[in-house]
Each structure stands twice: as structure tokens, then as C-alpha cells.
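Each of the next two complexes has subunit A plus one other chain: subunit B in the first, subunit C in the second.
And now, the complex of A and B:
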């Protein structure tokens, strides 16, 4: 970590990863437009071109030879596409999509030059080259319709010329806009102009005019293509910017002299066209953001913790003078300063936590590609609908979530959504819908993965569990429908007769569940035959800070994440009954199993029975009452994991510093639930029934 | 440090001349143990201890050191010695076992010895029944005013603490 070369390497990988992700997102947009039969957005193709171009550049710098080779071939292909020398079609899209996987694999290599990768890369480059040039239909040069003038045409870059042709073909009218710009703010002004025209028109190029302007300003002639009728365009621009003049077909345009002072054509051809361009914003955000190793944020957080300790040490010193009337005035002041310090410290903590937040869209973006690919492989039609991609969560959680969510998404396509023919015979729309919804709910984020497929067959799950010996036939008949559905989380269970590329190996759902629980989250399933399946994942917004209920058990302090707590009620010893060796109470007519934590932890009880409390926890579809001694209150605590040496001790998610180096162990509610209902060895309670 | 049956030896301390090894001697119960000074990050007054229910008995609990949660182990228990039950530790050593920083509770810190190679009798040359975490022994005089020599048992933190996981 301290090796600067490693750091640089990490920076490169992070940047390359971001570029590949951006590329992946943009390719999907391109594919979507293509599938809808729309013309490709020139700004989007530019954005893709730029990502690949940048990737090529940095790969070259860091010796990622293969990445560079592929990026170079793609750059050529995309350049052809940009310039209309080739057109978008499935082969081209396939080659582009294929690159994502290749880039990711090559970036993960230990040896970026690995010679054994050579043949694969060469084959791929050959495939890219074979797309070749298949120019879009050419029906006479549209430029001939306009007498734009050789002088102007000669200074257009190949790209500008291509855009000019494309705009004319699309039936856009050409205009010449004369506007005077302040020399010192010319870049900003042009940027403003671009923003202004973006909905109405496309700026093909701008050239300085020889007339007008003085030492401080310059008159530019902007060549504009627009769909908006001339009068409207005029009201939009005239007066504010300058004159608008339509370029008539077959008429003569006053000669525009090219000038050495013009903006380098090169710079312009690679800058984005500003039509509602998402890349535009991201380019800016890149410039205004820095990449930070998340461990550095952890270090900062530790410093904040230290500051809190210093603050309480000052408080203790102050205490010593509190009896002395001489110091009363100073003490009052010190007290006020101390409170100010605490407020700022709390603010600092909040800000640092805020920095860790990233939008879930970072993960969702990856799924779009997987959905497309998986649907193609399975020969299914799937539409992905994402809501709440802006929902923010702790970076660490978002990263940890990628794999479990990916599994759920693949499951939905593989097992959930039916093939087109079956959907049609069921009078369902041929295209299945996979919805990813994210939203905040209190201090949690809820993520739903919902498909409108065939739903889960609860009885098939039960039969599979019995035939695979995970459950006795008798026990299986006592299961409720929900319990049958939950069998999907039992390790080793699979209802799929053949193993597919994607899922059906019988591993997965149990791993998904374990991973989600480890992050302090919850997972629940709802499924209706023929209608679809909805999996709901509930997670804390941040791993680092949680709202916790502070309780005491056997005079020790513990923290219980509030996400797991539904309510707390007084413990009434005489109401406790025993069913099958387990203690239960009745709450609002429902039987609630209870677990005496003092007994579980082997503590001698310090509080009389009738002044204790039952904290009702809820996890998925189950409730469990934890019997504790006292309720202290709610607090936001920073959870830190216990060391590796204590990893075999179950039931604790970490420890939280309550100040003055006093720690409270944070109870791992999911683990306690699992232990209670399934036993410490992970066996399900139903299996152990006689 | 210890791989399979191979016994660890103490490598000379680069900071010391003449190939000597710096060892921190600590007293626990009636015995004196030595940790390679290079593995000891810090010596602390014991911070407030939070016990961890259901953890094996040699774990005293967890402590907070500069925002980090550190597992505290009881040296006598770890060495299967009948230590003084329930005695609060006198000092805590933060020992790096190569993977994790672990707190080791001891009664008292004695001093640092610069041991010459010929002062150390390595376990590999001794009876094969010696525990894996013992690197060897050295004879040192604990008290400079008397000539009585004490046996200093040299520990391998990697084998001693790494085995907890």
C-alpha cells in the first residue's frame, strides 16, 4: 500500500474500471436506441469513442498492452462509426459488448502483458477489423444541395463534414448565426450557446468572421443545423446573441475565410455534442471530484473518534475545577466552547460518512448489460426497469451488494421470466419485465428485484427438499407456504434438473442470503404462481454507522441494531409458556418465541425478572423476542468489526465505541435469529423435528 | 514465522550491532517470557475491557485502542498456566502476530534484553515436546544487583497468537 508504484497502479485500475463501466452503460443506451429502430445519437457515439480513446491512452502508459491493442482496434471501428463509414448493426454491437468482458478480464490479470492472452486478443482484433466499413446508404452528396462554399468545407474536419451531411439528410435546415463574443470569456460563452441550442439545433462548427469584433471581442459565424422553423429560431437568438440567417439551398454563402485563430478543429471534433448529453455532466463531475481510497476515510473516522476522546479528557480536567467559585465564569465559558466543539465534531463525522455514499446506480448500471446478455442467451425478451438509481448507500455496501444482486437478477431471468412462446400462450406480453427498485425507508435502503415471470412453485421446492434428503416427508407437510418458499435459502437445494451457465447449481440463494445477512441486511421472498416473484433486500445505509438500541444484559452493555427491532415490551414472567422446549409468550394473540440473552451468554442475572424487557426483533418473516435486563436508549454508533481472532464467536456483528474507550458489543441479530431457529450448526429447525 | 514442523528462530535485530536480538521480557505469574521486540508495537495501561460472551476462556475480551477494536488475550491461559484468576492485567502489549494486532495482558513489563546468539538455547535443539510457540530459552539476570539468573522463555507471536484463528 505504501509502495507509490502500487498506488499509481491502483489509480490506473480504478480509472480504467470506471471507463469500462461508462462504456458498458453507453453501449446499452446505443443498443436500446438501435433495438427501437432509432438513429444513433451522435453525442453518445462520441462519448463511447472518447471512453475507448482514453482507455487506450492510459493502458499504453501503464503497460497494459492487450487492453491497449483492443482499445486501439475499437477506436478505429468507432471512428468509422462516428464518421458514417460504417453503420450500427448486431454484429457491430456484439463486438462492442464483447469488449467489456475482455477489458474486465484483462484488467484483472496479474501480468498485464501475459503472452498467453496474445492469441485471444489477436482473434478479437481480427473480429473487430472484419466489421470493416459498410457505409450507410449514400444517395448523392447532400452537401451539393447547399452552396456552402469550398472555403468553409475545406476547414471542416471529417467529423464535422459527416455531421453536416447527416443533419441535412435528416431534413434539418442550415442556418448561419453571427454572434459577438468577449475574447476573455469565449469558451464559457460558446459553452452557454451550446447549452442554449441543444434542444433546438446542433452546432456543426464555428469560425471567426472577418467583420465585426475589436480588441476585446470577436465575431463568430456559427454553422447551425436545426429542426426548428426559422421564425422561432430567430426569436430565440436574435437580439440576445446576434443575427440568424437561413442558408438557402443553391444560394451563395458569403465566403468565410478560415483563420489561424480559429479553435483547433481537432479539439472540437472530440468534444461532445451537447444534446442532453449525459456524458457532458459526467465529464464535468470527473474534473471536480477526486478518487479516495476508502481506507483513508476510515482513518479519518478514527481521528474523529480520537478527537472525541480528547474532548472528554478536557471535560474531566474541567470537572476538577467545578467546585471552585473562583473559576465559575471561566468554567461556564469553557462549557460553551466544549459544546461548540462537540457540535462541529458531530458535523465532521456526518460529512465524512456522507463522502462514503455512492448512488446504487453504480451497481445497477452493470446489471443492464447482464440482463441483455442473459436474455439473449436464454432466448427470452426482458425489459429492465430501474427506479431509484440515485439512492445512495455506503460505498462498501454497494460493492458488497454487486454479487448477491447479480445472482438474484440472473435467477429472475433464468428461472423467473418464461420464454416468449410460453408467455404468449399465457396471454402475457412477450417481453418480460424485470424491475429493480431502490428507495430509502428510515435508516435503511430497500432494494426490490421483481419479475413478472412464472413465480416459484412452493410444492416443487418442498418435494425437492424431501427428495434431496434435506427434509423428512412428514415434516414437509407441516410447512406453511411461506416456509416452503424459504426452502430456497437452504444450502444445496436445487429444483433445476439441468445445470445452466447461469444458475441451477443449487448454490446461490443460500450464499446470497448469507452475504446479505452479513451486511446487516434482511431478505424476503414473495411469489405467486403465474404472476411473478419479488425479492426484497433491506440494508442499512451505511455499515459504519448504525442506529442502535442500547440495552444491558447481566450488567454489561450491548447494542442492538434498530433495523432488527420492532418494539420493546415489559417481560412478564408468569406469561411465559413452553412449547416443544422453547419459551414463548403471547403478544396480541400471536405466539412469540423468546430467547433469554443472559442465559444464552451464560451471565448471572443481575435484574429481577419482573423488571426486564422483551425486545421484539423481526427478520424476514420471523419474529423473535430477546429478553434483556434494561433499555438504556437509542444512539447512533459506529460499528467496527471484531478481529479475525474472534471470528469464530457467534452472535456479535462488531463493537461500538460509546465514548471514553467504553465498548458495547453489537448484537448480530441475523446470526442470533439463525442460531435460534436453525441451531448453532446451521441445521434447520424443521429437520430436527421428530 | 512457524511453518509446519519447522521451528522459528529469532533473526538478529537490524537495529542492534553484533547480531543481537532485542527481546521484551514480561512477567506473568511467576514466569518470565520474552517477545521479540520487533513484534511489540506498544505497551499500554489496560483500557476498559469489554468481555465477549461465549468466547474461549483465553480471550479476556476486546479493548478500544485509537479507534481500533483489539482482542485481548490472557497470556497464562493461552500458555495453559494456572494464572492468578480474575486479576486485572498490569499492562497490555500490542503484539503483531503477522496478521492482526492482538492485545496480550501481562502482569508486569520487566525490561528489554539484547540477547547474543550464544545466550539463546533454541527449542529445535531441545526436547521435541516443547510447545510450538516456544522459540527457545535464554538465561538472564533479572535483577542487576544480584547474580541470580532466571530462565527467559522466548515466544513466537506468530505461533502463539496465529493459532487462535
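And now, the complex of A and C:
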């Protein structure tokens, strides 16, 4: 048996990570509101406080001294902020954003007490403490004016009391909402209640009735501050939730101070439930989320794959009896059951995939900090605009995406957006805009990184490629503008003699591109001088399941990920020409290089030449036609890796189960592109269209 | 028979820590609640020997739970321990008035928790259920 403490340690790390992620997301929202000049949402500030507060508490218990020290300093600052003793400004946001990276680094340390981290932490804490607080002016306690009752005030936390005061100062009216909730469904009821009050009211707290309740239900008094007039509030809540009463100002109705401890008639009349099984109701949990290792979901997906094989095997056995008339009735029934099984299996697959999805906001959240930091270092003004942060993708892809996207964001600030003085001389707004947009497009997610900076100089890229010997001067003159721009993805090319510390980091655009292609994605670039640059990344929503075009090559079945396929056209042997040793055809006036996969794999062709097809693949801005024997159709397939022993075989991304006792190899389109265009010497990346 | 203990805290790491500390010693049966609502469910149908409550929770806070337990017939025998941090200072003071028997300041250590639980409890046979 393992030491229970190990699991507890894991629990700590998982929770700490979650808290830091939540903090990062919430800070982004806070920053956005601040940049727009809006007042910060008090609930959001409280969330931020709570993340740091919890982190501090648990860091101390699990020996993460430095995390605890930093969280402690921030907690004090945030407590002042939520209690209105200080206000939001750039210095405050800077230290908050700065904390994310520190927390992440410290949580990854092998020795959480590492003494060498001490000085850095001390300096940071000093910076946090230097952010002064200005005491809020106190002008008499507004709570005194209301008949809230000592019993209620004694159970409010300092923060709740503060919110109560703030709401009164904002002219909101206070209400008591009394309602009896079924204990087994209390979470849903509360959620519905929250949705109802969302915009025009604030729930200060929920007070359990002091008289108890019974095993099945409980009366809660909800303390509510609202701008909605009383009659309207009553029509909203009464009937559905119980009674609504306004808490009057003392001077008006001092005698009508309602006692919180009184039980409404309906609650009294509820007969006590027999105490047959006291533990029963308690086993149900209100919190309805669990944390799951993504590998467990992979395992589940594998089981779904196995079930599909079982289904196929049953189908095979059934077929043996198909010619026998005396089994006809049973076969029909079996067929029906089989279809039901398939439907449920598809449903199961969809549900499992759904669990893997997380919003892209998880990674976008990290960029607010980077943008601020990079802009400050470069002395530029940059506004980050994010749309589609709720777009969901597979957790694994989102994780893998963080680094390539970060590089693109840094590049946009470093090389794209101009310094303020230059922008002003160009009559552009002093503040540059960096937009991150995400949206769904079919079974893909598209992410755009767009800046309104100086744009890329295509001719400079071409000159750099020639002077670095990546391209002959002669060949370079035949490049289209788009092809010149694509030079930025060629390994070894940099437009600057010195690589800056920001976009440098040993990772160039070629590495970004390779990483995106490895995830089955695509990358394209559009840029106009003086106007800006837009990089578009297209990725599959998940890697666990892909939509594939099923083809045959030499009587074997293959799957080609649909993300890489643009279209398919009939193969016409007489149209094939050879240019520089490569076969090409002309499609709509454009020259398209083609690759005969049967020949590449060394298969004998099973189909006459004139009934074959060309599947046009597209990666980034490059097209390549794959010549195949037959097109079978499109299918969603679960891919499985080929395993360790076959990991060195190039050109195949895995195997897919086609559900009808057939397995297909999944063609690795990016690898085939690389193999074809770059070949063994790798320098012909600058493929040109004559 | 082991003591029946409820830990109410919105941090799963704290709950896991308390459970591991107390169940490790075969000393107690620990139940967990992540929210005040969840705690109300458990309190409505169980008699606990010790209830450990974090003061600073969203929606229903620890003080409100203390006030609830004070009146709840089922929880009259329960010892109540309030968890707080330095920043919750004045909130913890209110806890004393609401019947908290002991306080535990975060971050706390394994031994601190064990000692506190032992000293909070009367011997098993004297605990009225």
C-alpha cells in the first residue's frame, strides 16, 4: 500500500494548479475591465482573493514555503482591494500578473523550500508591500440604519458585511428571501436562484434557518441586495421560492423588525420524516465535479474501440446464419439490437470526447501577462483583444498549443507592432492592437493571431533567404509574394542579425510550424506592409478521434485525415507532365505536384490508371496531390498509436478501426508533405510553382 | 468505535490532509463537505463527534454553520472546531460567540490537528449519541 500522504500531495498539486489557472483567467478579466475603464466586478475580485487565500492556506500545510509567502503578501493586498481599502491600478495588476509565473515555477520545484529562491521571493514580496493602500473614507455605518438584526450580523464575515455596506451605499434595497429547499436538490435550486438574480441584485449570503429543518429539507434565508423594485421582485420569487420581504430602514418601521429565527408556517407543518436510514441522504454530494487524469479517458476511449471490435465480431458470426431461412426472424431481431448497440456506442464515444474538452481561455489567460510584460520591455503600447475564449478543444491540444501560440504572440509584439513614436508618425493609434480570435469551423478550431503593426517585408525575407544560401537568386525571382512570406517558416532564416531575447529563445517560426503540424494542424500567414499580420492556426478539435477520408491503395485501406484534404479529382494519366523530375498536373490553371502513393509504398496497383483519383492535400499554403486507387468515403475514426516498435516508421500517424473488421493505417499528411517537398536534403522547402 | 468527524472546507487538499491525518491513525471516520450546502445535507441526518469548519467559504460561511449547529438538536453533542487564517482574524472572534470549542489556524501541522482533536473529545463511551 502506498503512503496516503503521497496521494494527499498529489491532491495539493492538482488543486494548486487549478487555483493558479483560475487566478490567471480571472486576472485577464480584471485587466480587460480595467483597460476599458469599467469598474471591476466585486464578485470577480472576491474570486481572485479566494484563490490566493486558499493557495496560501494549503501551501503552508504542504511545505511550499515560498508559494505561501507570496500568496500571503498578495492576500493582504487583495483583502484591501475587496474591502475597498485600495483601488485597481497598473502597479497592482503588474504584481498580480507577475505572481502567476512565480507560482507556476515554484510549484514545479523539486524542493519547495529551495533556499536559493529566497532572495527573489523577498524582492517580490517587498514590491507587493510597496503598493500603498489608501483608507476608504468612513461616513457613519449605513448598517445602523437597517433592521438587519443582531443574529444575522453576528454570522456575517467581514467581507459579507463590507458588501452589505457597499450595496446600501449604491442605493440598493435589502431583502430577505425565505425559502425551503429540498436537501437532495439544493444545488440545482440555488443555481436557478443565482441565475434569476444575476444582473440586478447581489446575494450577500445564505443563512440556514436557526431552527434546524428536518432530514429532507431546510429553510434558508437569503440576504439579497437589489435594484429591482419590490413588487417586481415578488412576482419573480414568490410562489417559486417562498416569501420576499424588504428590510426597512430603522427610522421608518422600527417595530416591524422581523425575527430571523421565526419559522414560517409551511416549514412548521412539514411532518418529520421517519428516521429509518439516517445515513442515506447524507451520501449524496452537492459538489458535482471530479478531477480525472486524462490518461484514464484515453483508456476509456480504448475500451470503446474494443467494443467496436466486439460488435464487428458479432456481425461476422451473424452473417454465417444469414442464408438460413429458419433464422430469419432471429436475425432481424439481432440486427435491430446491433444497431441499437452501435448507436449507444457512438453516444458513449461522443460523451467521452466531451469530457476531454476545455475552453481555450485556459491558455489565452496566460497571454495577458505576457503581452503586458513584452510591451513594457519594448516600450510599446499594446491592447490585447480576445474573442472566443470559450471555444472548446481537447485538453491535450490546448496544453501543446501554449508554447507555439506564446511564440506567435511575442513575435507580434516584438516584430509586428511599432513603437509609439513610429505609430504616431504614421498616423496610427499610439496603442497597437493584438487580437486573439478563436472559433469553430467544422471539426476544426481556428485560432487567429492578428496585429495592426508594420506587417512583414516579403522582399526582405527573400533577400535574407538568398544571402543565407537557402535559395538561389534566380529561383528567388520566381516566387510569388505568398511564397516569399512563407520563407519565414524555413529553418535557419531570420530577418534580424541579432535574435532578440523575446522571439528568440531558440524557437523560430519553423519550430512553431512543426509543432502545429505535429498536432495535425495547419498554419497560414497573411501580411500587408503598414497594415499588419495575421497568422491563422487551424487545428482538429481532438486528437482522439478524427474525420478521415478512407481510400484504398493497392487493395489496402488507408485513412487520410480530412483536415489535410481539400478535394478529390479524377486522375487523368495523359495530363501528367514531369517538371524537374517531379510529376505535376494542372488544376484550374495552377500547377499541382502529385505523389503516387502506390509507387511510394511499393504496392502493385489494383486499379486501372484511368479510374484512379487525386486527393488534393493542403498544408499551410502548399498543395500536393496524392494519387490513390479508390475513394471509399468519409468516417469518424478513433486512432491508436502504432506502438513503440513501429514509432520510427515515417508516413503513418497510427491505426484506425473502421468498425467492419477492417483496420486502416492513418496516413501522416504532414510527414508525407515533408518527405515529398523537403526530401532527404531538407533544403527544397521553398517549393515554387513554375 | 472510531469517532465520526466532519470536515467542511472548500479546499480539496485541506480535506484530504485532514482525512489522511485522522484516518491514518485509525482514529476516526471522516466525512467531507466541500460547501456549506453539502454540510447542511450531512448535518441534517448524522450526529458527529467533531465538526471542523473553515470560516471563509462562499455562500454559506463557517459562522453560519456554527449558528446552525448551535440550534440543531442532532449536533448538540458535537465539538466544533473553526479553521481560520490570520486575515480572518475578526471573523474567528465571532466564531467564539457562536459556540466554537476550538480554533485551528491555517497552515496547521499533522500533530497540531491530532492533539486538538484528542483534547476536544471526551472518551468514546461518554459521548452521547
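The definition used in the following text is that the second predicted complex is superposed on the first by the 446 of 690 C-alpha atoms of A that agree within 3 Å, B and C clash if a C-alpha of one lies under 4 Å from a C-alpha of the other, contacts with A are read in each partner's own complex, and residues count from 1 in each chain.
Quick note on the criterion: a contact is a pair of C-beta atoms (placed from the backbone, for glycine too) under 8 Å apart; a residue touches a chain by one contact, two chains touch by 3 or more.
Nothing here was measured: the structure is a model prediction, and the numbers come from that model.
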{"item": "Touched partner set for A:301, first subunit B, second subunit C, both or neither", "value": "first"}
{"item": "Which superposed partner A:642 touches (first subunit B, second subunit C, both, neither)", "value": "first"}
{"item": "Dominant toucher of subunit A (residue count), subunit B or subunit C", "value": "C"}
{"item": "First (subunit B), second (subunit C), both or neither touched by A:335", "value": "neither"}
{"item": "Which superposed partner A:293 touches (first subunit B, second subunit C, both, neither)", "value": "neither"}
{"item": "First (subunit B), second (subunit C), both or neither touched by A:347", "value": "neither"}
{"item": "Subunit B versus subunit C as contact partner of A:474, first or second or both or neither", "value": "neither"}
{"item": "Contacts of A:218 with subunit B and subunit C, given as first, second, both or neither", "value": "second"}
{"item": "Touching partner for A:90 - first (subunit B), second (subunit C), both, neither", "value": "neither"}
{"item": "Residues of subunit A touching subunit C in the complex", "value": "4-5, 7-8, 11-12, 14-16, 50, 53-54, 56-62, 68, 75-76, 79, 151, 154-158, 160, 183-184, 186-187, 190, 203, 205-216, 218, 278-282, 284-287, 291"}
{"item": "Partner subunit B, residues of subunit A touching it in the complex", "value": "301-303, 305-306, 556, 600-603, 640-652, 654-655, 657, 660-665"}
{"item": "Complex interface listing, subunit B residues touching subunit A", "value": "47-48, 50-55, 59, 62-64, 66-71, 73, 99-102, 161, 164-165"}
{"item": "Interfacial residue positions of subunit C with respect to subunit A in the complex", "value": "10-14, 16-17, 20, 23-24, 31, 33-38, 40-42, 44-46, 55-56, 58-61, 63-68, 70-74, 85, 87-88, 90-91, 94, 97-98, 106-109"}
